[in-house]
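The structure appears right after this line, and notes come after that.
Chain nomenclature is as follows: A, B, C and D, assigned in order of appearance, with residue numbering initiated at 1 for each chain independently.
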C-alpha cells in the first residue's frame, strides 16, 4: 500500500482528492493536515465523506509527512515550495496541486504570484504533470507540478494543431469558461451564490496566472513562443471548464483524423465524432477531457471545444493519474468513474 | 454473471441504472430497449457513458428479455404490468422502478393512476422493495416494486417513531422538497430551466400519487391507518429530496438513540449526530439516506430531516440494492460510491 | 421632496432600497453611508445603478443624517439602536430594516441577539411595520421596526386564520424556505455558489431569531400566546421566500372567502384563486405577497402557501411602503413594479 | 393613447412585452392573441401579471388587429410575413420580434429559415430596428424588423471598431454566451432544468441563424463584407447575453475614447470605465447594453465585452424603444427600469 499524505485538505481540491483516494485500492491515506481545523474529523466538515474517511485533520507540526510515500499539496500557492525540499530529502515524492512548480521561468513566476520563490532549483527538477505530454518524465519524477485547470483544457485542445504545424501560432485565442468551484472554497463576496448565480462575466482579461502557464506549455510543444489571448469567464455552474479555442489554419488537413490519432491511446482524452459539441456535464466527476474540432462554414478558422471537470482532470483526478504513473500502477486506478449525469 | 435487461432506458432512472450497472462486477448488461430510439447507441444519447456502455437501444420486439436473469422497468407507469407476467413465467426476475406494483389496493391504484390494472394477482405477489423494512421478503422475491423517491425519504424518517409508538399518527406532516430531475426527462414547460430555476413552489397539494404509497407503507409498519398531510415542493436543484417531517410526541424518549439503534446495521441509512442538519448534496450520486432528528425548543413537536438522492436511493440505486439482495450479493456491490461534493 | 438618508448601503437590502428609491417621485436621496467604502461611488460597487444613482458612499461621521426627513437603517443588528435617539431628537423619522426594534420583550431580544439593548424605551415606542396589521399606527410613527422576511410571509399567511379563531394555535407549523440573498451580502463559506447551489438544507432548527418575532406578531393578533414550530430552509434561488403553513382546523369555514375578505383592500396581498400554488418568481422584484389556502383531501389540516420576495416585501419594499404611509403618500408610490418573470 | 396589439403572447418575448407595456403611459394594450390559449386570462398563465394585465388571450380570428395603431409580432418565424401586408394596408404599423424581415437577401433567408418568403417586397421596405444605427429610418418606418438578441450584443460591440476602420475585418470572432430563456418557452428536452443547469456547452457551431444577420449588419456599417466566426454557447442563467468579441488591430487608437464618443448620446448603451468587465446581471430586466473594451497585455488583439438582457435590449425592450421612436415619444418611455440585482 502506498502511504499518502495530504497537506491542506479543507479546500475543494482537497475534498476531491479524498473522494477519489477513498476508493483507491493501493492507497492508504495516512494523514491529512489543516492548521485551522486540526482535530476536526474530516467527515464532520464534509459529511459526504461519512463512512469513507475516518481521519481527523492533523496539525501540520504533528503530521509526520516524512513517513509517507507521497504527499499531495492542496494548499494555497506558496506553501508547497516551503516544505518540498525536506520531503524529497526524506525520500517522499511530492505532487503539488498549487502553482509553485509550474512555471520554469522564476522571474515570470514571481511576477504573477507576487512571491519570492523559495527553491528555484526544485522548479528546474519538477515535471509538469500533464501525462498526455510528459508521461515518461512523470514515471521517474520525484516532484510533479500538477497543471492548472484552464491550462489542462486549453493545452489538450491546441496540442494536436501545434504538433502538426497547422495553425498560425502568433495569435491563438482561448475563450474559456469555468464553474465557480474553480475559485476555491474561500469566503469571498464575488463567488457568493447571490452574486454568481444567474450571471455571467469575464474576469482577468488584462492578465490571469494561467496565461503564462498555457503559453509555456504550448511553446514547449511548438519549440518556439506562441502568441495567445486568454479570456476566462465565470459561469454559474459548480464544476466544469469549457474552452473554446480559435486558430487560423495555414494549410489543409483532416482535423478530425488528426485529433483522433493524437489521442488514440489516451484513456482520459475522448475525441468526439465530427460535428459534436461536448457539454461540461458529460465529464462531471470524472477525469475525462472531451474534445471536438470544428471548421465553421469551411473557412480558415478552426474551433476546438474542450471540456473537463476542473476539480478532476483539472486538479485532483489528474493528480491521482500522476500518482498512478509515478508508482507504476494502471493509470485508471481509482479513476474509473462514470460521470454523473444529470 | 447476472444477465440484465433494462426496459425504457432513455429517462433519468434509466441512465442512472446504466451509470451504476456499468461498474457492477457481477452484472452483464444484455439489452436496453427504447421504442423511439431503437438503433441509437446509448452513448450517443448520453455522452457521459462513452467508454462505459457499448450497447445501442434495442427495439422492444427484438429485445429477447426472456433470456435475461432480471429485467428492470424504467418506464412510464402502466408498461411493466403489461409485460411482467410473461417474464416471470420465463423465469426472469423483475424490478419495476415505476409504480405499477407499489399499491396493494387495486382500486386506490386505479384511482390515482387513471388506468385499469392488468394483473392484480401480481400486485399481491410483488414485494415492496424498501430493504430496511422488507429485506427478507426481497431475498426470495420474483417481483419487486421499487419504492418512489418521496416515499423512500419519508418512510425512512418516520419509521423509527412509528415502530416505537412515540407520536400521534393521526396527523403526520411530510413537507417534502424535490430536485427537478424527479419530474423525469420529459419535454414539458414547467420543468424548463427558465421556469424552474430561481424559483420555488409547492405542487400537488390537493393530492399526489406518492401520498397513498407513503400511507400504505407507514400503515403497514404501524399496523393501522395513519393520517398524513403530504406537500411536495419543487426546488431548483437537479437531484435531491429533502423531507421535513413533523409529528407530535405522545411520550418521552431518547430520540437520537432510537434512530441510531434502528438503523445501526443499515449500510445505506446514516443517522447524523444530534443537532445536525443534512444537506441534499451530502448524498449526491450515492445510495445513502441521511437522517437527523430534532425536538425544537424541547417542545412536543418532533422534526425529522431526511435526505436522499432521488435518482439513487429514490430510484436506480435502491433498485440495484434490491438486485443485490435478490441475487445473494453483498448489498453494497456497485453502490460503494462517494457522494459528489461540491 | 422627502430628504432620505440610508445608513449601511452596501448590503442587499441597501442596494434594493436604492433600486426602489431611485424612481420614487417624492424622494430626494440625500446621503448613503458606508464606513468601509466611504468615497466609492455607489454605482461602482453596484454597476446596475449606473445612470440612476450618482452619490458616493459617505463616511458616517460626515453624513449629516440629522438633515434628512427620514433615515433607513440597512445595517447589521445593533447599529440602529445606537443612533436612533439622536435622529428622533432632531426630528428625523427612522425606519430600521434590521431587528433592533422588532421584539418588545427586551430580555427575549437580548437572548436571541446576544447584545445589551441600548434604548429599551424606544423599543416601546417603535411601531412594528407590517402595514396590513398596523397601518394606522405607522401613519403617526416616528420609529418603525421593519419586519423580518420570514415573519412577513408567515404572519400574512396565518393572520386570517387566527383572527377568525379557526385553528388550534397551540401547535402551528411554519415550514419556510428562503433564497440565499436572505443571508445577506457577507463573505461566508456556506453561502458560496459552490456550497449553496444544487443543494437544499434546513438550518436553525433548534432556534432562529425570527421565531420570537413571528410568535410575538401572531400572539398580538390572537390576544394570547401561540405555539409555533418554525423550520427555515435554504433553497438555491437568489430571491424568494415560500412559507408552507400548517394548522389544525377546529371548525368549518369557507377558507377561500375568509382570506379574500381579509385582504380585499390590501394592495400588496394577493389571494390566489382556490387550488392555486404560488411560485416565488411570480413576485420577483415586487412588493406583493401571494397567498393560497388549501385543505388537502378535505381533512382537518389547513395548508397556507405564502410567497414574497425577501428583499422587497420582506425588506426594502416594505420599508418604502412604510415610508409612503408615514408621509401620507399613496402606498404604491415607487412600488408599482411588475414582477420579473422569467 | 397608442392602441397596441400583440400577436403570440405566450412566449417569453410576449410576456416581457406585457411587463414593459403594462406601465407605458401612452399605450393602451388592446388585444393579445394566442390560438392555443384563446379565452385564458393572461394573468392566469403568467401570475406575475396579476393586477397589471386584465386581458384574456384572444383568438387570432377575432382579434381585429386592424383597429390597432401598432402590432407586435412575438411569434415563431414565418407568421408575421403572412399578416403584415394586410396590417400595413390598414394603416397599422408593425414591429416584428421574429426574424421574418431581418435579412435583406431573400435567398439567404430562405436557406437559413427553411421557408419560402411570403413578401420579399416588404423585406425591402422593412427597417432593421437597431436604433443606435438606424434611428432616423425607424422614425418614419411602417415596418420594423426587431434585431435578434445575439446580433444586438455583437453589433453594438463591433460597430465603433468598424466605423473607425481599426481592425482586420476578415476574421472577426464573436464568442457569445446566452441564458436559457433565449431558447424560448418551448417544451424541449435540451432546455429542461435538469439538462441545462450545472452545465455549459457550445451549440450551432457549424452555423446559427444569427450569423447572417450579424454579418449583414456589420457589412452594412463597413460598406463591404466582413468575415466572422460566431460561436454561441448556452450558460445556466435565465437571462443575459455576454458577447466576447475579438479583432486584430491594424493601427493604434484610443479605444476607450472611441467607444465613449460613439455612444455618448445613446441612452441605452453604457460604455464602462477602462478595465471594467460587465456582468450580465448588471442589466437584468433593463434595456441597457453595457460595453467594455480591452487590449490584453497591450497586444494587437482587441477584446470587447458586451452584455444585454436578451429579453429586453435583445427583444421586447428594443421593440418598445422602436415603438417610442416610431411614435415620436421620448425613447426611454416605459424603459426607465433599474436592473434587478441581486
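The rule is simple: contacts are C-beta pairs under 8 Å (C-beta built on N, C-alpha and C of every residue); 3 or more make two chains touch, one makes a residue touch a chain.
This is a predicted model, so every value here is computed, not measured.
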*Any chain that touches chain D and chain C*: A, B
_From chain D, the most remote chain by mean C-alpha position_ = B
*Considering A-B alongside A-D, which chain pair is linked by more C-beta pairs in contact?*
A-D
*Once you find the CA centre of chain B and the CA centre of chain D, what distance in Å lies between them?*
45
*Can you check how far apart chain A and chain D are, centre to centre, with Cα atoms defining each centre and the answer in Å?*
39
*List the centre-to-centre spacing of chain A and chain B in whole Å, with centres computed as mean CA coordinates.*
36
*Indicate the residues of chain B shared as contacts by at least two other chains.*
12, 179, 181, 185, 194-195, 197-198, 236, 238-239, 278-279, 281, 284, 342
*Can you list the chain B residues touching chain A in their complex?*
12, 15, 19, 22-23, 46-52, 181, 185, 197-198, 238-239, 270, 272, 276, 278-279, 281-286, 288, 290, 311, 336, 338-342
*What residues of chain A sit close enough to touch chain C in their complex?*
12, 179-181, 183, 185-189, 191-198, 236, 238
*What does chain A use to touch chain D in their complex?*
171, 173, 175, 177, 179, 194-195, 197-203, 205-207, 227, 229-231, 233, 235-240, 242, 244, 246, 248, 275, 277-281, 284, 294, 296-297, 299-301, 303, 305, 307, 342
